[in-house]
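As written, the chains take the letters A, B and C, and residue 1 is the first residue of each chain.
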């Protein structure tokens, strides 16, 4: 039972599945907001939770993608989406800061996991930070494209920037000699703190002045 | 000449190309409806017919994808799209039930072929049902994304659900000891019947009540 | 330093990076036009410049994609996008024919490079022309999908058609016995000339008459 996540510790595996759960529920909420039926809710939950990791695995050649090799990922993503559908909780009823906190946690986790996997596959640190960012924001981007919207990550707040910053801190910490676990922790906390601060302080990157 | 579809029988190969033809014509009709030029019609015909299979092959690591290795797929898809463009037949002139029947046949065929290929590549039965569904509905989803629309499979009727049900029946039949051909037939007929019944009876999955 | 572009000559490598620069600047201009923030500008510049090549490499099994193995591609794409953002030059201020010329050059180059790489990976000449076209127009298509627009290549002018024609000329010239460099030059010039003529003469492919 325990052989699927070969190189991951129990802790990071549990954290990975937790992130999958959160992102699947978010995708399901977006589908409910778009008045999709049950199947659409499951598809968006699945795509939001696993799309970033699948894209990363295809790009680094880890095929079939981990999310398809280990059925737990799919099962958890679909279960979380289905549960969200059954509860039909309008997004407004869920405490705002709970959603923001869980989402920031999922983003941090995926960014760290993606960066580490790219490094493990021998890609350069510079590219690993890009793949960490892709892992973090890829699922939400696919979700928005399927809903025919300009992806949120292209429009608002400090979101993908937080994932990128976390990946850079992770890579930089390793280069400075920190042990992998400490580097992962530093990267994850950086991403989490930046994202929370971004929402709290309404931070924005400089915008385009053309009009 | 006959070595391209290595493991397929002549029958399933012919059926695969038939499905490709139908889906290419559908993609071309969608492009004509969107007032695209000849090139756009060819691209959408190609993407609709081959997108699902290409996505499946990339995910399971069957690279280059079958549709790129065997030029017949591309040739047939482009020819069907070009012929549709030349006829410029407004969709309304084609008998409704002919379109529905051909489309349901293509969906069933692709779902069965996708499930079988995933099993042949050693993926778990659970994941194989997902890949069968991706193969069936992937092309139409890419078509709709390119037309900047929310994919039809996320919005209407029993469509992707029929593909998923067919894949599940195939996998279940094999698990019960049926020979592969009988299992494929059972899965394909399930998908076809569900899709036809869905259109006929206006079946809908439970929708989202949030508003 | 010089080992990354294994089989490419210095000339074609320099040309490849030049095309990357042009396409990244174009993607950044589209993002600025869509009022995205700095991160969105970088993402669109990156996707426009490298999306076509990454899609080609995933399809032919050249994984990880060249653009991820050789950090120069990413660095140049991001630098060009960032510089475009800083200059914030409204597209209208840049001479129209300079943009058209640079874009046609980038398109020709990518179409030739994509066709050659597909041939080098043993794909059939017929399929190689499709992959050359994908390489040329893939990045712009991803850019438009992310901006939630029907891709320009499906809507206007002789664009993808020029890339396809250039690829066909390259493949045909090789079949006629021309040396690879001459075939590449013939293909590239065909694509470039068609694209420029298309803009100049307002050429259009036959459109859909359905309404």
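Going forward, a residue touches a chain if its C-beta (ideal position, glycine included) is under 8 Å from a C-beta of that chain, and two chains touch if they have at least 3 such contacts.
Please read these numbers as outputs of a predicted model, since none were measured by experiment.
Chemist: Using only the C-alpha atoms, find the rotation that maps chain B onto chain C and quote its angle between 0 and 180 degrees, to the nearest 5.
Modeler: Superposing chain B on chain C takes a rotation of 120 degrees, nearest 5.
Chemist: Indicate whether more than half of the residue numbers at the chain A-chain B interface occur in both copies; give same if so and different if not.
Modeler: Copies use mostly different positions to touch.
Chemist: If you average the CA atoms of chain A and of chain B, how many Å lie between those two points?
Modeler: 30
Chemist: For chain A, write out the residues touching at least two other chains, lowest number first.
Modeler: Residues 58, 63, 145, 148.
Chemist: Mind pulling up the chain A residues that touch chain B in the complex?
Modeler: Interface residues on the chain A side: 31-41, 43-44, 54, 58, 63-65, 68-69, 71, 74-75, 85, 88, 90, 145-148.
Chemist: Name, in rising order, each residue of chain C that touches chain B in their complex.
Modeler: Listed in rising order, the residues of chain C that touch chain B are 58-61, 63, 121, 123-124, 126-127, 130-131, 141, 145, 148-151, 153-155, 160-161, 164, 204-211.
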